[in-house]
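Written below as structure tokens is the structure these notes are about.
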Amino acid sequence: MQISFSQEIQLRVRYSETDQMGFCYYGHYASFLESARVETLRSLGISYRKIEEGGILLPVTSLQIDYKKPLRYDELFSIHTKLVSLSACTVTFDYVFYNQANEITTTASTTLVFTDAKSLRPVRIPNNIIDTLRAYEIAEK
Amino acid sequence: MQISFSQEIQLRVRYSETDQMGFCYYGHYASFLESARVETLRSLGISYRKIEEGGILLPVTSLQIDYKKPLRYDELFSIHTKLVSLSACTVTFDYVFYNQANEITTTASTTLVFTDAKSLRPVRIPNNIIDTLRAYEIAEK
Amino acid sequence: MQISFSQEIQLRVRYSETDQMGFCYYGHYASFLESARVETLRSLGISYRKIEEGGILLPVTSLQIDYKKPLRYDELFSIHTKLVSLSACTVTFDYVFYNQANEITTTASTTLVFTDAKSLRPVRIPNNIIDTLRAYEIAEK
Amino acid sequence: MQISFSQEIQLRVRYSETDQMGFCYYGHYASFLESARVETLRSLGISYRKIEEGGILLPVTSLQIDYKKPLRYDELFSIHTKLVSLSACTVTFDYVFYNQANEITTTASTTLVFTDAKSLRPVRIPNNIIDTLRAYEIAEK
């Protein structure tokens, strides 16, 4: 199922996120992506916290990041997050980072798998989430 | 109960742990202290992982760090950890960091409280841990 | 010089900041304190980024944190930061964390030393900062 | 230029690296990859620290990670790092993570670009590095 839903968050590079190159360390982007997709779900009325409380985990199975321009300490940047597709058990988000000059600094993609917290096996995406997302489905031609 | 047991570990500053001052970021020391006390317990035959699997958590309730000299990227340093005291429910560790020139770079202290994982209330330190540590008790005068 | 200036920021616990106890890991608080004091300076019209660009670093020399109650994933909390004192070369901030139930979860204090970026020696606090802060000086009796 | 040089390091999952799923948080792997490639270079007699001191930075431009099995707190794991190719300005490393049961838990790849620290423009890989790596070149057919 192809989806089109996007959301934007704004973050500022913390001092703890810089490295001695003077850039935001490349390893911190994964945490930014996490914040971005949690806020994207929240804007759809879906709480990731409640998904976990319901016994379902959503670990990342695939991460891809392209770093085009550095982000620096104290710099504000925005992440445009797009929920792009659903399969039976997985969901894929794409991300584009913009700096204050509106330049693309980073692009990324993550795939997550709905996972039973006890068995750690993949599970079908809960119906209430499917129903919420169906409103944003892209009709196939 | 005053204890005297000490242990040493050696670590190297990772690039991810630097900041744009070119030093090891002050916030990463808490994680170093964690590694240092876990290895100290391991050298006593006490597995922190098994304590948790037994339903007891060991959160830090107090942290004090004095930063005397910076640590830099790729620098090797050692942490001398001393288990210094036990009360009914708490344990205190003191730490001294040395760089390769054998200078003291950092001193620190943490207090942790044995906590029931379900109720989140303090619990008495398990007897097997008390028994292990009694061997290192400092006789009162 | 005793100062009274306080400022509040609000943060949310990121997933990356949890640990397997289900709490915000104790080591991440140092980064929260950094954000809190940078925003406190910003609200005074003082940019920490510009201080560094002017050749002065502001490393932390002393950190003290008392953890009273845990913070959990996705929890909103606020940090009340107080700039409490200045000496010739150092500045001290005190912090109190509140959860959504308005309970104090954490208290902390940090001392930072104005440091020449080249020599790494302490330097006197720049006059423009002193002048800004003098407006908040507490008169001695 | 296709290269074949590999190296192995062993790490243990720190408590600070767990998340509330009880797994090693997906964002920390980037830091593990950094340690793995720095040690790979070190085993070739190449110090990343000295490259930076020589005015060349080596930022990551592309990161890809596939998470196949989780790593848990206190778990020992090894990373097999392979330096696989060089272009005029870039170097690519591939990584495979193994747990204690010798299962592949994670695969990853990073591309880094040799960058002038002042201009932040790509630069040709220094000759001494090329010369060192040429010993491991795979002859084209």
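Every chain is named by a letter (A, B, C and D) in the order it is written, and numbering of its residues begins at 1.
Definition applied: contacts are C-beta pairs under 8 Å (C-beta built on N, C-alpha and C of every residue); 3 or more make two chains touch, one makes a residue touch a chain.
Keep in mind the model is a prediction, meaning the values are calculated, not measured.
K.L.:
From chain A, which chain is the farthest off, judged by mean CA positions?
P.N.:
Farthest from chain A by mean C-alpha position: B.
K.L.:
Looking only at C-beta pairs that count as contacts, which pair of chains has more of them, A-B or A-D?
P.N.:
Output for the comparison: A-D.
K.L.:
Between chain A and chain C, tell me the centre distance in angstrom, where each centre is the average of that chain's C-alpha atoms.
P.N.:
Centre separation, chain A to chain C: 30 Å.
K.L.:
Just curious, how far off is chain B from chain A if you go by their C-alpha centres, in Å?
P.N.:
35
K.L.:
Based only on mean CA positions, could you tell me how far chain A sits from chain D in angstrom?
P.N.:
One centre to the other, that is 24 Å.
K.L.:
Counting only residues that touch at least 2 other chains, which ones in chain A make the list?
P.N.:
Residue numbers touching two or more other chains: 15-16, 20-21, 23, 27, 30-31, 34, 52, 73.
K.L.:
Which stretch or stretches of chain D touch chain A in the complex?
P.N.:
That would be residues 20-21, 23, 26-31, 34, 52, 57, 59-68, 70, 117, 120 of chain D.
K.L.:
Contact residues on chain A for chain C in the complex?
P.N.:
Chain A residues touching chain C: 14-16, 30-31, 34-35, 38, 47-49, 52, 73-74.
K.L.:
Of all residues in chain B, which touch chain A in the complex?
P.N.:
My answer: residues 15-16, 18-23, 25, 27, 73.
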